[in-house]
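The data blocks that follow each hold one structure.
Each of the next two complexes has chain A plus one more chain, namely chain B in the first and chain C in the second.
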Partner chain A sequence: MNVAVMKTKAEQGLAEQFEKVADKLPGSTAVKALRAAAFGKFGALGLPHRRIEEWKYTDLRVGIKDVLPPAVSDQTPVTSGDLIVALGPLAHIDAYRMTFVNGNFRQDLSDWDGATGFEISPFSNALTSDSQSSAIDPSVVTGPDGDATIALNTALMTDGAVVRVPEQASPDKPLLVVFIRAGRTAQLMTVRNVIEAGPRSKSTIIEAHVMLPGAVVDGQTNTLNEITVGEGAEIAHIKIAIDEGKSLHLANSNVALKADATYRGFQYTSGQAIARNQTHVTYLGEGGKLDLSGAFLARGSEHIDTTLVVDHAVPHCESRELFKGVLDDRGRGVFQGKIIVRPDAQKTDGKQMAQVLMLSPDTEFNSKPELEIYADDVVCGHGTTSAQLDDDLLFYCMSRGIPQAEARALLIESFIGEAMDKVEHEALRDALMQYARTWLTNDKS
Partner chain B sequence: MAAVKETIDQVKEIDVDQYKYGFETKIESVKAPKGLDESTVRYISAQKNEPQWMLDWRLDAFQRWKAMTEPTWAKVHYPKIDFQDQYYYSAPKSTTGPKSLDDVDPQLLETYKKLGIPLREQEMLAGVQSSRVAVDAVFDSVSVVTTFKDELKKAGVIFCSFSEAVREHPELVKKYLGSVVPQSDNYYAALNAAVFSDGSFVYIPEGVRCPMELSTYFRINEKNTGQFERTLIIADRGAYVSYLEGCTAPMRDEHQLHAAVVELVALDDAEIKYSTVQNWYPGDKNGKGGIYNFVTKRGDCRGHHSKISWTQVETGSAITWKYPSCILRGDYSRGEFYSIAVSNGYQQVDSGTKMIHLGKNSSSRIISKGIAAGHSQNTYRGLVSAHRKATGVRNFTNCDSLLIGDKCGAHTVPYIEAKNSSAHFEHEATTSKISDDTLFYCRQRGLTSEEAVALVVNGFVRDVLQQLPMEFMAETQKLIGISLEGSVG
Partner chain C sequence: MLEIKNLHVKLEDEDKVILKGLSLTVPKGEVHAIMGPNGSGKSTLAYVLAGRDGYEVTDGDILWNGESILDMEPDERAAKGVFLAFQYPMEIPGVAGLTFLRTATNALRKKRGQDELTTPAFLKLVKEKGAELNIDIEMLKRPVNVGFSGGEKKRSEILQMALLEPTLCVLDETDSGLDIDALRVVSDGVNALRNKDRAMLVITHYQRLLNHIVPDKVHVLADGKIQKTGGKELALELEKSGYADYTGKAA
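Then we have the complex of A and B:
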């Protein structure tokens, strides 16, 4: 391992940690080689910093001070009662469940008996199985080449969910994949999910990153989703990440859409010291549809970054993005959305919107909505707005007898509600709103 | 049918390879030796009889430039520029020494006449009284003549070439030079600071409304010569000035470098309106030749309630790298940016603006219309930022792009940075082609498809055109209609 090229203390720490756990990480010889190569790549890239255009507003060299030991074969005891507490409003959703504690699969907390339409297995199986019969190739990552967080994920990935929805299947219930942080040891969790929606299937997958009350608050998570949506298939993917202000959450979702496929994504993010959701969508066939939305809520000195690249590589595709952010105290929000329309991607229809409410004078919102268009017969638009709560609206509510705090909550709710309405599953939508309400009632102002 | 014929003729006249300002004036000139080192800087300074402080300032800039590297972040691609393979100074021989219009080489006067820029005051007076424009004509590296000086002097307005300002008004130049665009601001600004040859200097005293439009006309004539002019405009308290800038160059096979710096300073309640019609030689239809236009333009709304407005029509240059910006330092100051960038052939445009809100309740508005045709790439790049303490600021940005043909590209790269909650920022951008329905409607009403496109495009850029001074508006409107018509079909 070439430690000499490492620069910051954190980068050096990561190299030391990698050497320490390299032998303990699951995987065959081929996987070990893959990890070593990926870490070599990370070593060359280093942690992303503000001089790298894509990371201009989120500097991990500054943001990551301490390196936490990677969680390998963690056995922190968690009961199903704990799980319900940790899930909060999500616990009431009728869904198949797959649970990971500190990044490691836990059969005892999972339940997908009788699930029709989902083929589920832990990603660690794919890593350790010698035969290639599992057909999951851990070396396949479709995201941007040269991204340090992806390289780090490949180097340290321990587990995750492998979910397949067979052709034309339409599972009766959603699948809830839960990642819980538990115990008193701060650890780095690295997980990878591989999701394949077969042709003309229709399914809903919920990915929740939560913490057990009383667990250590400063964990680190690096997660990567490889999602393929087959011809004519439709998948709803709701990603929830909720924390208590001290953690680091780095997430990548690489989505590939085949002809006439639909990906309906939603990202709810709140409570991380630093969170970055990177979504990279590529259209592989005509008629693909993307409907991606999300809500992010930051207070204290939290920093939440949403970065999207929507790559219209083929004609006749549609993309819609709507993101809503609420910032309080010294909370910082970042939105970077790039729509690329390749030379032959005629008849592309792309729209993007990011809106932020700034509740306190010291909040900061940096936005960079980009269009890169090489085809002439397209309709593309983007918009971004940032402002504080409208005093007139507040006054109107108060003049109707609604107390100020309630009026504020009402207005904020309706603001983020617009994005949440994009979630079709009703109980899930309610649960998300419940999270937002809880966040709002914790409002100290 | 007559209309079609007429249109086709017009298209031929102004299509990329029909650049009508592409003639060359055969005139004897004095040149600095090829290449760039400290002696070049000293040579330029000596040619202009500059005081020591000016030379020191240039040398300081040159030292800084040497330590800098060329920026590569813009979405433009061109072979590496050999900065040693250029002439940095070229002046028509006959214009050295004191000059009145009668001393000016008739060749030069002819050149400007051909360009449609009258330099004789009586010729201008023949026009309507209200549309008089004072002109500073810059030919290669030097200013050849400035018109209406006496009349402006009566109003207290200083309008002269930069070299003259260094000699006659050193206190003003010393005070404001580099105060908006410092020597080390960026690679091209540093280069300009070291080797700038001439340009215009404007000072509008307190409370004066400049009695006429001021204008500078830049002409590159000499081969292999870079043009590096520097413009400094100061509007003192409560003053107002409207300033126009035009530029053209002969057609040549090799690329030529143009790296200008424009600094505007608006004190309390002052207003500066700066309009540019940039029509440097864009290269031929195969992308050969053309001007590399690397320009740093920045306005400083230093005073409260001050206002700076940039309007630009960009149709020329092989490469445009230009971001006229406003630093909104004063409370209640206002910045405006109106831009039309039309690219055709193999042109590459990376242009936009920066609105840096530092003062409370400052506001800004950005309207940018990009039109890409042929094989061109047209990028809008902008920054809107609000400082932590700049409360109550507002910005509205609208950048639209129109694509004509499937070989061109239009890109939008806006940065929006709000560092306090009372900043109210709105940004919207769209990209589209002219809708078939719209065209169909127009054609149904008897317009030909070329006319229909011209009509739609003129409607598309109307917001910006309205900001242009009268003199430029009609011309520009025609220019846009035509250069787009050429692209249809």
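Then we have the complex of A and C:
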């Protein structure tokens, strides 16, 4: 390992932590070699910083001061009652459940008995079984090469969900994959989910990162999703990350769409000191559809970054992105949306919109749409807006008897509601709105 | 009873004085019209009554049922029965009309010490009021006023007025942007809401509205003051002679 390029205290700390836990991390000899190579790559790359174009607005060298010990075979006690409390409004969703506590699978808190249409197993099984017998190859990552957060994920991944939806299957309920942070020890959790939607299947997967009330607030999470949507398949993937202002959340979703496949993604993010959702979508066949939206809410000095790369590699594909942000205090939002249309990708139809509501004069929003179009017969557009709450609308609501706080909440809800409406599952949409409402009523200002 | 006493109002951010000692009394059960040329302060009066930001009352007072409302927030005034029908009703994308009205109705009921209505009870009430006013409540399923025609927006204001049960109704240029059919529907709606406990202030530039909503009194507002008060015939007189007598120039 080239220690000379390790520059910051955090990078140094990561190297020490990796050395300390390398033997304890789950995996065969091949996996250990994979981890070592990945960490070597991270060592060469270092933490991403502002002079790397993709990380211009989210500098992890500045943002990550301390490194937390990786959570390996964590045994923090969590009861099913705790799980309900941690889930909040999500607890009412009728869904199969797979639960992880501090990044480690917990059978006792999981329940997918009788699940038809989902084949579910913990990712740690794929790490420990020899590569010949496992259907999952942990070395496969389709995201951008040279991304330090992905390299770190491979080096330290402990567990996660492996979900297969068989051909033509249409599970009767969504699958809720819950990652709970619990206990008083601040830890680094590294998880990987592998999701394969078989041809012509139709399913909904909810990925929720929540904390148990009373748990240590400064946890770190690095999560990576490898998602393949088969021919003619449709998957709704709702990712929720909710925290209390001190945590770090680094998330990658790499999505591959085969012919006529549809990926409907939604990302709800609030309460992290730093959060970065990177989504990388590649079209592998014609007729693919992407409908990706999200809502992010930041206050205090929270910083939430949404970075998308949508790669139209083949013709006749469609992409839609709609992100809504609500920023208060010194909250900061970042939106980077890159749409690449390759020379052969004629008839591409891509539209992107990012809008934020700035509730305080000290908020900041950095928006960077990038269209790289190499084909000539395409329809592509993007837009960004940032605005304050409309005083005239506020007056109108109040003149009808609605108190100011309630009127503000109503207008903010209506603003993010447009994005939330993209979530087709009604109870889930209501739960998301409930999270947003809770965020609004927790307003300390 | 509404009592406006020697009201002086200027814009908060500019040195522009708009109302210069306006006095006016509207007893319960009466409908008064305020007519005046453009720029006379009609809309300012409407907004100051409802409590909009941006105006500074430098002198005088507004009493509603003997109580000054000047220090009250708009929602508190609404709870006391004040309702402003806007000249240009606002569009609120993303909020369904029914949600908006249910929120407002229940906020008001809470403040007035009444029980909040359940969703079915609220829907029943909306249907009843809609039928009374001959207003199709289908439009309430859409976001508030979004994509509405001028007539639909005004009808939606009148329906809100009926639901929120105000005791002081201020109608700001309710006739603007209405064709004759829409004007009739809106006027019929307003007339249906006239009763002995309700005071109404109808602000308009043109006499035409007053053929439909016949006022008990007409006040001429020009240069920030009431210049003349008379019966409904004063409106007809104004229609003939214009506002020139009150402004020193042709309006």
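Basically, the second predicted complex is superposed on the first by the 443 of 445 C-alpha atoms of A that agree within 3 Å, B and C clash if a C-alpha of one lies under 4 Å from a C-alpha of the other, contacts with A are read in each partner's own complex, and residues count from 1 in each chain.
Here, a residue touches a chain if its C-beta (ideal position, glycine included) is under 8 Å from a C-beta of that chain, and two chains touch if they have at least 3 such contacts.
Just so it is clear, the model here is predicted, and its values are computed rather than measured.
Once the two complexes are overlaid on the shared chain, A:L410 sits against chain C while remaining clear of chain B.
Once the two complexes are laid over each other on the shared chain, residue contacts for A:F365 go to chain B alone; chain C is not touched. Of the two partner chains placed around the shared chain by superposition, neither chain B nor chain C is touched by A:Q75. Touch criterion not met for A:S139: it reaches neither chain B nor chain C. Set side by side, chain B and chain C differ in how many residues of chain A they touch, and the one touching more is B. After overlaying the two complexes on the shared chain, residue contacts for A:E53 are found with chain B alone; chain C is out of touch.
Touch criterion met: A:I402 reaches chain C, while chain B stays clear of it. Of the two partner chains placed around the shared chain by superposition, chain B is the only one that A:G381 touches, whereas chain C remains out of contact.
Of the residues of chain A, not a single one touches chain B in one of the two structures and chain C in the other.
In the complex of the two chains, the chain A residues touching chain B come out as 53, 327, 343, 346, 356, 358-388.
Contact residues of chain C toward chain A in the complex are 50-53, 73-75, 77-79, 83-84, 86, 89-90, 92-95, 100, 103-105, 107-108, 111, 143, 160, 164.
Residues 391-393, 395-404, 406-407, 410-411, 413-415, 417-418 of chain A are the ones that touch chain C when the two sit in their complex. Residues 73, 388, 391, 401, 403-433 of chain B are the ones that touch chain A when the two sit in their complex.
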